[in-house]
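In what follows, structures are represented as structure tokens.
In the two complexes that follow, chain A is the common piece, with chain B as its partner first and chain C second.
Then we have the complex of A and B:
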């Protein structure tokens, strides 16, 4: 499914949560939405899912307004960490209702996930641990096979093994059934292998929209003699810098040609790759992020 | 339309709270009362409002479920209007079922001359002389009215938070204050008015309750149309 947001703004009174959001999500791609707490990620996702109304601007999913639009909503699954369930519903009730709701629901896949995660289906949802509640959300998101699936920090409380199984299943299922997936997360390094495109949100605005490969290629750490490093980074976007004696270590983000790199290496500078997590931390850091 | 079916399914999965628990409570109340009255019989025929417990219970369940099921339905991307229509359809089905069960008990109550002790707990005194179909219609309308009232009050909280409920309470209080003041001071023929109401009570009931039901349905739909989940 194709998503387009134009000049979207969301404010609660004087508190502006989102401002001037313009973005296009192409169909059948996996997007990562990253940003610090309170950056506006959940609000943005809720607006895409028509669970919130923008104060200004337009939202289009497959060229249509998703608000009260059955054709769009039936193709959309939004799994959020804050999802509440009826107190009296068991896990079985939840999954049966989801099955009755999503037209592309895969019951076999659902049962396989339930068995793998060892979900106690007869228990009431409110009795489950935080992690197990997240697992139920993840199962719904995966088994729904919705053409637009949104995960808003779906892994809260899930241990590393459970999270890795989720990522593996997401990738495997995506390969068989391509769909547009938006994954809002703090654990960028964990999901970096899944993502094709990253959207960075900072203080209610989109700071960056890049392909993961571009981000990976663009961020490097340059290490070397202080003066030489300073000369090299003059035209670069510096994310962070550390100096110890005469040796400086600078994280930069930009485009370095092969020739520039070879020349710098010949002058004694060394380059090392930077994790996506580190890039995001520095990009979204309040003081340094504006650099 | 799949959304409406899903909402009906959600209510069906809640059958324990909609059906089993209220009837178990009513049954327990009945048995305790029956036991007590069997040992403390007097010669007088008695008529209480024991069945009120099920009306109040269903009103409360409707209020609680509307909020909880809406949050869940919203997570499943079900249209708000489908949620409203599905819930109202469930309310109608529950009202019909509950009225039928109540009628069944009333029939047994009448056949056994008030459970053998001239005790009428399932039928209301004012409706005892009515035909069965009329009693059924009255119970059906009252059930539906109370369930929709629960949905409506919950929709106020969802749409306008608790502050909305407070404003609604104040408005309702002012409304009744004006009405009562008008009826005391405004009508020259106040006594005749109330006498007429007394004589045509059923007509008033049949006109007023459906009007209230439609009003509740309209307001419920209006408030839920732009309802959001604030979690």
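Then we have the complex of A and C:
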């Protein structure tokens, strides 16, 4: 599915939650949505999923308005972090409801996931542990095969093994059945290799939309003698800087040619890779408005 | 998810290099079919678009070729071609780096030559 947001703004009274959001999600790509708590991620996802009206601006899914548009909404699956279910519903009831809701639902895939995760299908949803509730959400998101599938921090309470299995299944199933996937997450390093694109939200605005490969290639730490580092980074976008005695350690974001790098190394500077998580922390942790 | 190295080199280059290694070590033989982009993606736990980018580099360099509707195969002469390329890279990647480090810690050229000869025994 193709998603386009133009000049989207969302405000509750004087409280502006989202402002000037312009973004395009191309079909059949995996997007990561990152940002700190309260940055507006969930609000943004709800607007994309037509569960919340923007105060201003337009939302288009496959070039149509998704609001109360059954043809679009049936192709959209939104797995929420804090999904609530009717009190008396068992896991089985939930899965049957999902099966009836999503036209592309794969029951065999669903059953395989249920077995693999040892989901107690006869229990009521509210009796499940936090992690198991998340697992149910993840199963629905995967088995829905919805052309636009949104996971909003789907892994709460899931342990590392369960999360890894989710990522593996997501990737394998996406490879066979490509669809547009948005994964909102704090655990960027866990998923960075699955993503094609990252969208960074900060204080209700989009700070950056970038190809993951470009981000990965652009972020690097330079370490060396203070004066030499300072000279080298003159033209670079500096994310953070630390000095210990005569040695400076600077995280930069930009493009360094192979030639520049070899020359700098010959002068005694050393380079090391920076994890995407660290880049995100520095991008989103600067003082209000300074980025 | 950190199967890939931490050098910060683009993932697609790392994928291309792994396939190259498999060809050089004859894990993948000439005129043999290589796994699909999706199989690579799932195996290395990376986005299929990234895997495709890595595979396409090798197609552009005539290491792999596509048979329409069947898949991707290793070109005849691919191994020879790769060995040539790696030899060309060897100087910059290993020799230059070694000499730099040697200078830094005060090893003379003569000492270095002796060490290399000793290591080669």
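One rule holds for everything that comes next: the second predicted complex is superposed on the first by the 286 of 291 C-alpha atoms of A that agree within 3 Å, B and C clash if a C-alpha of one lies under 4 Å from a C-alpha of the other, contacts with A are read in each partner's own complex, and residues count from 1 in each chain.
One rule holds for everything that comes next: contacts are C-beta pairs under 8 Å (C-beta built on N, C-alpha and C of every residue); 3 or more make two chains touch, one makes a residue touch a chain.
Only a predicted model underlies this, so the values are computations on that prediction, with no experimental measurement involved.
Undergrad: Can A:83 be said to touch chain B (first), chain C (second), both, or neither?
TA: So A:83 only meets chain B here.
Undergrad: Just to be sure I read the superposition right, which of the two partners does A:168 touch: chain B = first, chain C = second, or both, or neither?
TA: second
Undergrad: Taking the superposition as given, does A:49 touch the first partner, chain B, the second, chain C, both, or neither?
TA: First partner only, chain B.
Undergrad: First (chain B), second (chain C), both or neither: which does A:96 touch?
TA: first
Undergrad: Check the residue A:273 against both partner chains and state whether it touches chain B (first), chain C (second), both, or neither.
TA: Second partner only, chain C.
Undergrad: Regarding the shared-chain residue A:68, is it in contact with chain B (first), chain C (second), both, or neither?
TA: first
Undergrad: Applying the document's definition of touch, where does A:30 land relative to chain B and chain C: first, second, both, or neither?
TA: second
Undergrad: Show me the residue ranges of chain B that touch chain A in the complex, using the header's touch definition.
TA: 2-3, 5-6, 9-10, 13-14, 16-17, 65, 68-69, 71-72, 74-82, 225-226, 228-229, 231
Undergrad: Using the touch rule from the top, collect the residues of chain A that touch chain B in their complex.
TA: Answer in residue numbers: 49-53, 68-70, 73-74, 76-80, 82-89, 93-94, 96-98, 100-103, 146.
Undergrad: Can you list the residues on chain A that touch chain C in the complex?
TA: 29-30, 164, 167-168, 171-172, 174-176, 178, 189-196, 212-213, 216-217, 219-220, 262, 265-266, 268, 271-274
Undergrad: For the complex, which residues does chain C have touching chain A?
TA: So the residues of chain C touching chain A come out as 1-2, 4, 6-12, 38, 41-42, 44-50, 53, 96, 100, 104.
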